[in-house]
């Protein structure tokens, strides 16, 4: 069981969707960083349920408490412990699920692994676990900001509707977090329709990091690409990840997919960025560009065929207040995972040379 | 710098493309496994250069030497050290590359990170490093075999040509390793054509694991999906990975993407496998199905624009004996990475329960 | 910064002596273990301040809260989060210490490392941090108990007074936790006297584990001895550790220090145990015997010479409610660290063989 | 099985005493360090068998081969692979040991753990494994030297004979490596006598590091003391470790054991060094002082009682060419382990602060 991520900047999340609380411990946050609770809360609010008509209507304040590692507003180098209490637990909603395996959920696989199950809303496998990632990610983003690195994500596609224009300022102006306001409106419509159908839809989150210095990533197995792969595919509901051109490059020729080097303003740049900001697993200094495929929410309120713990066939209707599409709330989670990955690599990178220069 | 992969079954690779030798150390191989060198060599030969007209013509025997960890044909539990000598080093071919950054290669990013570069064919970032992965993977596959798990990969797409039929027996019958002989012929043709054009093409490797028991994977961050993501995106030239339906599921509805549970022969199965054999990051018992996107080989012998270490523009023509398409030789590497991931998780999984049952 | 210990059974402690709370997260506790909060509280009470006239008079209930990882009284395999609130923080006692480095304390070294200091009672370096170790250790001991392993510690020496007889039942019958009641009385007297002198004294804690199966420990660097060394010397105030005969063996001859093997009741035993239960870094099946040297408490209320953050000489008198001797309260901490080490190795050991037998 | 040590500067040793070769892979050596093979060989020669009349007469050249990680004499950041071939394997000497457990050796515990044994001279548990530690340690010492840190060890006690004077220049002038020439002569005499008696003796190695900057070590579990504990107690034949005053401090009063702070030449020093250079698990800037207890060599050529794999009693006489006292050859191993620990912590420490100063 590993609930930890990172080598030097490391987070450990704990807590279940219907337990009393959940939280995260962050080890290795460098001393001397100013942290305001509001910085953390702001990102958490973007992940919160009940924020709009396209998300679950469960009600959680997700209010963060800071228990250690910060003294007089400054990080001390000690572990930072952050916690939130679950307010809206309504476990009784789940009583009809006690013995049955929900299709598309982890009920069966946890049962196979651990010989038991926590039927109350997914327990540890619930996306509620991502609270701690976003909280830790907010701190990572504060660190990155001091080094000029910015991370932001958005809905690139929902239910087959792709964004066609890009205006960063638009992202937080619509409830699906799409940088294209026209596509955004269609995406909202699609989600509302699918909810009415008692169904769900998937989509793609794209995330970018700007200002990343060249050379981050650790050959051979902790390449930036590899760690991004682990980071993203550890998020619930993800089924694919690609860097830069990704799967499109599999159909390209080398003469078109190689990004030519040039010198601009005294530093080495590439004239295109098919590579998505990495070469040989190390950052190039161009934007890191990552796309993450999210499957449709597994909880749907249509009748489904399944089996129970006694290996008997069952008909199942899942009631409850689920997101018809996870993309809008996944955006801050994807951002957090990229920020955490980059922060860790930034610290690890300090050991690359005998006498670092920067 | 991390050249290690795995938690309990751990490999560490070392060596450069043009150094005297390269190798791998495997820690945590359980005692009591019978190993024949020929089992290892067989997989290595599938990764070898010069094996057909679609690969590089560099000549390396890739002969494996076993230096430790096996006594009288049986693993002892001690680290297993495997090594091969580089025979065809021709570093002089690379003299014209001493100061120039090859587009699509890691020359620039290594230089940015480490303040130096080994210009002889990529040094550590060369795909020659994957020798050790395949050698270790062969041992992992021996372990998996004892638990009824089989891993095999194949070319699913090359240069836009997709396989359309599947016959496992066909895979090793053609030089691109495609289970569809008709598509295979077209793929060979495409590679030959692109080589004549002094260009290169990309493709997709698909890999499957059968017989995987349910419950492998470690929540929350060492999910099977996450570790597969890291494993695959640590392979040179990879730019994307998807599990099961992958990016296609991003366009699906939940009522179609959920795999219904049934009971067959007394065990729980799903009637479809959109999930690709994982739910909540744990194996379901269905086939693990993974697709890996590989970009076109970066080394092409057309003239390219680039810059050098003095930040001056340069024209570059890369001579040498490069693979026009990495897919055929990447198949055993992708297999190895999946085998290594599963073996490690199989051992880690033994700690999941107080009193394991199997 | 690493506040984590263990490979598969891993704890992460967090919290400062004068923050709002402190706690521990335990990853990798196998599923299926019954846990009662009272089992944990019982060990915590043995570590608590204010338990007798030989300890600090600070008042902390140390009441444990369980926030995750246990469902209906049974561990689920998910991380277990335990927390206690600090009730008696009186930070104002420490105001005169704001700028001064207390001799024997970590004030200076934390300042040198992190560029700041938390002057309130040691912050993270306070022995209050060991709360989480004892809480996690209590769970480890529950696991060990199911495998027939028992861990217990005692005061072997305080202020130069050595135990001369051994009666396990006596240990918890006196406030210094000495198995020799006569020595115990002298030890108490010595502590009372030293407190009156506004001074402190050191001592030795001995800990034993019985019922340990042979073969625990991981060559080469995670030997049982090595991990015990790390475990013990990570406890505040420790300055030495020895296994079995320890430093005495450095003066022995091989013909006397080798423990002869015999067969008893069908299993291999040794007729003596100079080795303290380990050979080649693996357990032998005999009792694990470890001795830990603890220096005198650094906080004394005599006037001491020191310097402050402006590099000026200062006279210092430390007021406050400190333990005049840390041995009695260190006993459960030392036990916890041995229990944690053994539990982790027991789980890791399951990966040693292809087909484990037990 | 963990044959790795270190977090960022990490070594992995492999090989058995009677296999074809043994070696070490070093990950995370910073780029830009000049390495001469002779620097490494020099330390290896101090560890070599057959160097004097007080060591084993086995003949091994221990010649080091460098296979990767260094290009044109400078480290590249890639893993460094070092190897030596075993020349004098005479496994036949061990044929009479095939089924019998040598007292004081790891034969029994390896058999218990792995279900097998390599009877040829200890296999993996042989002190021959320390070759790789000394090779890696030599590189660590080159790094430390660039930061002004020097590590040196010596025989402090052999067979009860303690050094009484200290002259660093004397250490390598005598075959036991004692800084007191008078004691050295007595130690040599004692070893010669014990060899004639077909017996062995133990001793104590002391090691010091000078020039260590304050603040190295990682709270809470990777304290400098804890990692030194692990490092030292992972060396074959060690049974105890103490830092600074060590076990002596257990008998002290706080008013005497606290080291007062003063300012000297503008930096904070202590007027004594009972702490052995660490406070709160972090370096103080004073000399690190560590003492390691080594038991007498387990291999003695007197008849001993033991049992065999069939649980039958056996009489055993171990022939062969063993060290009558391990102390002289252990000195470079102890030095290596301290150097490796400090190097790793020096690199990890770079992540402690947002904006490191130096």
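Worth a mention:
Labels A, B, C and D are assigned to the chains in the order they are written; within every chain, residues are numbered from 1.
One rule holds in what follows: contacts are C-beta pairs under 8 Å (C-beta built on N, C-alpha and C of every residue); 3 or more make two chains touch, one makes a residue touch a chain.
Only a predicted model underlies this, so the values are computations on that prediction, with no experimental measurement involved.
Of the two chain pairs examined here, B-C and C-D, the one linked by more C-beta pairs in contact is C-D. In terms of the distance between Cα centroids, subunit D is separated most widely from A.
Annotation: 38 Å between the Cα-based centres of subunit B and subunit D.
As a whole-number value, the distance joining the C-alpha centres of subunit C and subunit D reads 26 Å.
Mean C-alpha position of subunit B lies 45 Å from that of subunit C.
For subunit C, residues that reach two or more other chains under the stated contact definition are 1-4, 7, 13, 28, 31-32, 77-78, 110, 113-115, 124, 219, 351-353. Note for the complex: subunit D touches subunit B at residues 1-4, 10, 12-16, 19-23, 25, 27-29, 31-32, 67-69, 71, 74, 76-81, 83, 110, 113-116, 118, 123-124.
By the touch criterion given at the top, residues 7-9, 28, 30-33, 77-78, 143, 146, 219, 347-348, 350-356 of subunit A touch subunit D in their complex.
For subunit D in complex with subunit C, the touching residues are 1-5, 7, 13, 101, 103-106, 108-110, 112-115, 122, 124-125, 129, 157, 159-160, 194, 197, 199-204, 213-223, 225-234, 236, 238-247, 249-255, 257-263, 266, 268, 270, 274-276, 278-285, 293-300, 302, 304-307, 311-313, 349, 352-353, 357.
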